[in-house]
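You will see two complexes here that share chain A, one where it goes with chain B and one where it goes with chain C.
Up next is the complex of A and B:
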């Protein structure tokens, strides 16, 4: 059984933020990078399934050489192979899906996993776009997977603690929710071994036109609205009382 | 990051007499164990706070004359020209960072037992000290008064020559000027006793004389206790303090405001167990309301919002800190740079104070392992040299205080990868449950600070829910392995009193329990009557007594000593602890050695009379007898697996730190982890590098031929 897990290196804001000259993005000097939190859970789920029934976990990502750091975290957890599609550009979810489709198809996987969303762009669209391009059934926000014969019974997380149970034919693409499992940690040995592993690099095909363009990125201006109440708990409580009394009259 | 504008007031300069202080951060006079006779340690210690942004730093209490000799405790001294040279270094280093230097001129009277100088202290009336019970003063006549006032003047001149910008006429904590002011100490019937004007006379004259001598060059500070909480006999706010402030306000440049006397000065240097930050604000405000001069004072302030409120609310002009400056000398700078979550907050454990109380040792700090080590070991709290062997991966087993500190410092020293692996679901170890004892919530800051720092370190990964066995450690893939698996309370009653176990002591039984079984594991304390066997000497026994009594149990606590929790006298927590346990009707029993524990209770004999046995009924017996190291993992790796086998796995360094080496104070666990991390690239990291000792070294030839 083969599971392909699509992972992303996401950016996190540091303590200070400055923008690029064109004001359309954060200056990369002010960003920290890490593996997308959802992808850790997706990788763990893939490992559990293949450990139970035998098989292979292949980790795939799109980006410059830097993103291999994140891929190696997945390899350190136990993923077998990594494939990176080279790209230096900022891509929208559909372009990413286009970049991935050839590689994923080439693996003929039983299951394709993505995270529900990425922590930086938060579009929650790449998995669905990829499923469409692969012509695979897609279930989103998955919190439990039970494999059957040519199908899977899958739980989806809804609002208010409700769970939707769906039966889907495999191969299928599932977008994985955090909390589906408890991801394992990689020992230093595993991390070192993952460093040595070669990651297969492919060139992207035609990624097409972007579906949208960022016009401007900025920090929203601070409004006048909030009065900060400082001091000890007793002082703050007194001030709140005064404000409430004030508003009443 | 930038300073939050709401803290701007803390960075406004302020005039103190002829001097300008660059901001509102003031390191109050406090002891460090260095005095004038360890001048390098003294200067480096104080200068670190100036580097950290403090606008002024003070000496500890600074003796003006050999008659004020507090040996065995360590004060600074300004007795002669050599003292000027020694303390001059401190002034120079403070000035380099733009901070003012202050000397807290002190004459102790009978509280200073003069055990080195063998001089006789003088005092307003001849009553032995309520702090040093064997010391009697000479009762001062007018000549004595003139002479001692002259000591202040000469000392102030020496202070000026050393480079001090501020000189104190210090009375707080029941020292000489305050002794004159206070009926408890002053039974005089001449013009120096009786009415408030008379009782104030000595202090007022001394301030006048000091101001005459140095007031053009130095700011004159007066440190006063506003209320000794002793009723009519002690200094009282309305009757004595506020009128005194009004009387001398014109000639004082800055007020330093305390409460309490000396025998219970924990009411002033408040442990977090009993008081929150800012306890003194009402008294400080009372003084500020009647004074036209700047008012400063302490309150265990760690939170900049509270500091701003204290100033904006009219209680203080200047925020003084002692313990928060020890736990983080860089508090001002971190507020200035908007790095609030980098502030290493004081936990109010008073371990620092306990070292002065013991008499002799240099201070230590639970939160800041570098406190006191600035010169001795060259440690800087914010600077960490990259390790020369940084190209190594480190496994730290156990995320208690020692493990967290070690992993954090290794991370800051740039080790390639550090894995901090913990069996439980979160960091903290023993400091997860100790702060859950009554009153100790602020002690959790030990964990909070390190959690935040470790989270920021990209080369340190925290791995919970993972218990490593010897094979797991061996094959983990680290080049350096550090075992930090902590300790546990003895389950068989092994104790330092008898050096033996207690017959019948077996904490696997439901009616016999240890502290962590109760606090960490949730083991039920059966029934109603509890007997705690306490041979520990610090807080564990009495804290559990308090907790269980609060839960409605009938508690007896017994110790082999004549005193419960003697170390808590040094941390200033004891008086209120006794009040609290008395209020909770805890039965406190001394001089008892348990001889047999049964199902319904235990038997004990008197420590000095084996024939005198007592039977105690108990539904539950709690063993607080002694701690042991959790050294099983370390021992298996070293003895069974063997160093050779570890080396063939690529492990070039194998160490242990903290309680799993030997149980100790949390402050010492943090130190243990810190030291190993600082010295991880020495030739033999297991052996601490020698530290600098300030001492006279004799050149034999020179002495013999002289």
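Up next is the complex of A and C:
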């Protein structure tokens, strides 16, 4: 069986931020990059399924050459090969889905995984949009997968600690939630070997109109804020005790 | 502008986010219609007939519970027939299953986890966060006549008051559902009900290691608190999900919520921000939890915990 895992390199801001001159985005100098946390779980789940029954895991991503760093992390975990769709543009999640559709289709996978959402944009949209464009059945926010014949039984994590057991026809696209497994760490040897694995580069097709455009980006206005407890740890503890005693009854 | 809200319901009851969406829809001016897609839309339609709703679209389907193909097909047909400028869904697990798909299929303007809206001047501007909520942005939708937005739960107050909406039965044809609901399982039942505790001591990623959990269990015991946790501790398998506070866990409202090492992800804040008194200890002065806390301390949580141990 073949599983395609779509992964994203996410950007994180430190304590300081400056914006680009047009104020539509953060100055890239203030960003650090990493593999999206959800995608490590998606990759791990794909590896477990193919290790159990034999098969191939293909990692795909959209972005400039830099994103190959996070793809290599998936390859070091055990994915077999990668495909990167070249793009220097800032894309919305539906455009990312459009960029991915041809590559994923070309692989004719049995399953397609994405993370539920990305840590930087939190749109929770690329996976479901991609399923639509691929005309695949899909389930969002999956915490358990049991494969059957031409279908799978999956757990869909709802709000409030409730799980919806869903029977989904396969091939299907599933968006994978954190906690579904325990992602493995790559050994140094695996990291070295991953350098040798193939990452194919493709050009995207028509990405269509953006789903939205940022008008202005800004630092959130500070609310009233908390009353800060200062002093030593002992002082803070003393104040916490007083507040707790005062408020808990 | 004409707004269509999609009602969310579970086991025959409307979910609170639906009434929050109505409040947001009213802010955009209206008219406001609410689509109820259900096997028996009647009783759900009654509970969304609140002030500000002009019309309820009762869409009868075969499926009792949510299935994403059913919702997508039903809404696509509604959008063909109806004049809708803005389609509002909750930023919920159900909506994640079909909202972005519908937007991709029909080429709609789209944004999710939206927590503020402005409809002045005839076009929608939505506010959402980027880069781990460290910054926010106003986004607009040029070139799109129709916009589909997923709104953050608890960002708007629920609409109240009895309404006088007319109900229109709408028939749709559903050509199969490829992901079918089988049953619900409540996974968050456990030894302790954190939703009834007056005092929660809540720990997060900041505790660093599973081996540190017992120390906080002990501290909670000494302080007379119930121990609760944020999601990462459940993901790691350190604590059962019955202890989890947040959107995917429990919504809590204790008299005192003491958060140690919880940075305050949006989903966590949604589950505890209405607590009586919130005290947060975190080493990161920029942690989002300080925005909802009444009292905060930028400190090493282990040092504070150690000092608390001595006091009890």
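Things to note:
Operating definition for what follows: the second predicted complex is superposed on the first by the 222 of 249 C-alpha atoms of A that agree within 3 Å, B and C clash if a C-alpha of one lies under 4 Å from a C-alpha of the other, contacts with A are read in each partner's own complex, and residues count from 1 in each chain.
As a convention for this text, a residue touches a chain if its C-beta (ideal position, glycine included) is under 8 Å from a C-beta of that chain, and two chains touch if they have at least 3 such contacts.
All of these numbers come straight from a predicted model, not from anything done at the bench.
With both structures placed on the common chain, the touch criterion links A:94 to chain C but leaves chain B unconnected. Between chain B and chain C, it is C that contacts the larger number of residues in chain A. With both structures placed on the common chain, the touch criterion links A:13 to chain C but leaves chain B unconnected. When the shared chain is aligned, chain C comes close enough to touch A:132, but chain B does not.
In the superposition on chain A, A:190 makes contact with chain B only, while chain C stays out of contact range. Legend: residue contacts after superposition of the two complexes on their common chain; A:199 is shown touching neither chain B nor chain C.
Overlap of the chain B and chain C interfaces on chain A comprises residues 15, 182, 228, 230.
Contacts from chain A toward chain B in the complex involve residues 15-16, 32, 182, 185, 187-192, 228, 230-232, 235. Partner chain C is touched in their complex by these residues of chain A: 11-13, 15, 17, 24, 26, 31, 92-94, 97-98, 116, 119-133, 137-141, 153, 155-169, 172, 175, 178-179, 182, 208-209, 211-220, 222-223, 225-230, 233-234, 236-241, 243-244, 247-249. Partner chain A is touched in their complex by these residues of chain B: 1, 6, 278, 305-306, 308-309, 313, 338-339, 393, 395, 417, 419, 458, 461, 463, 465-466, 475-478. By the touch criterion given at the top, residues 10, 65-66, 68-69, 72, 91-94, 96-105, 107-113, 125-126, 129-144, 150, 153, 178-189, 198-199, 223-224, 231-232, 234-237, 241-242, 244, 247-251, 255-256, 258, 266, 276-281, 285-286, 290-291, 293-300, 303-304, 306-308, 310-312 of chain C touch chain A in their complex.
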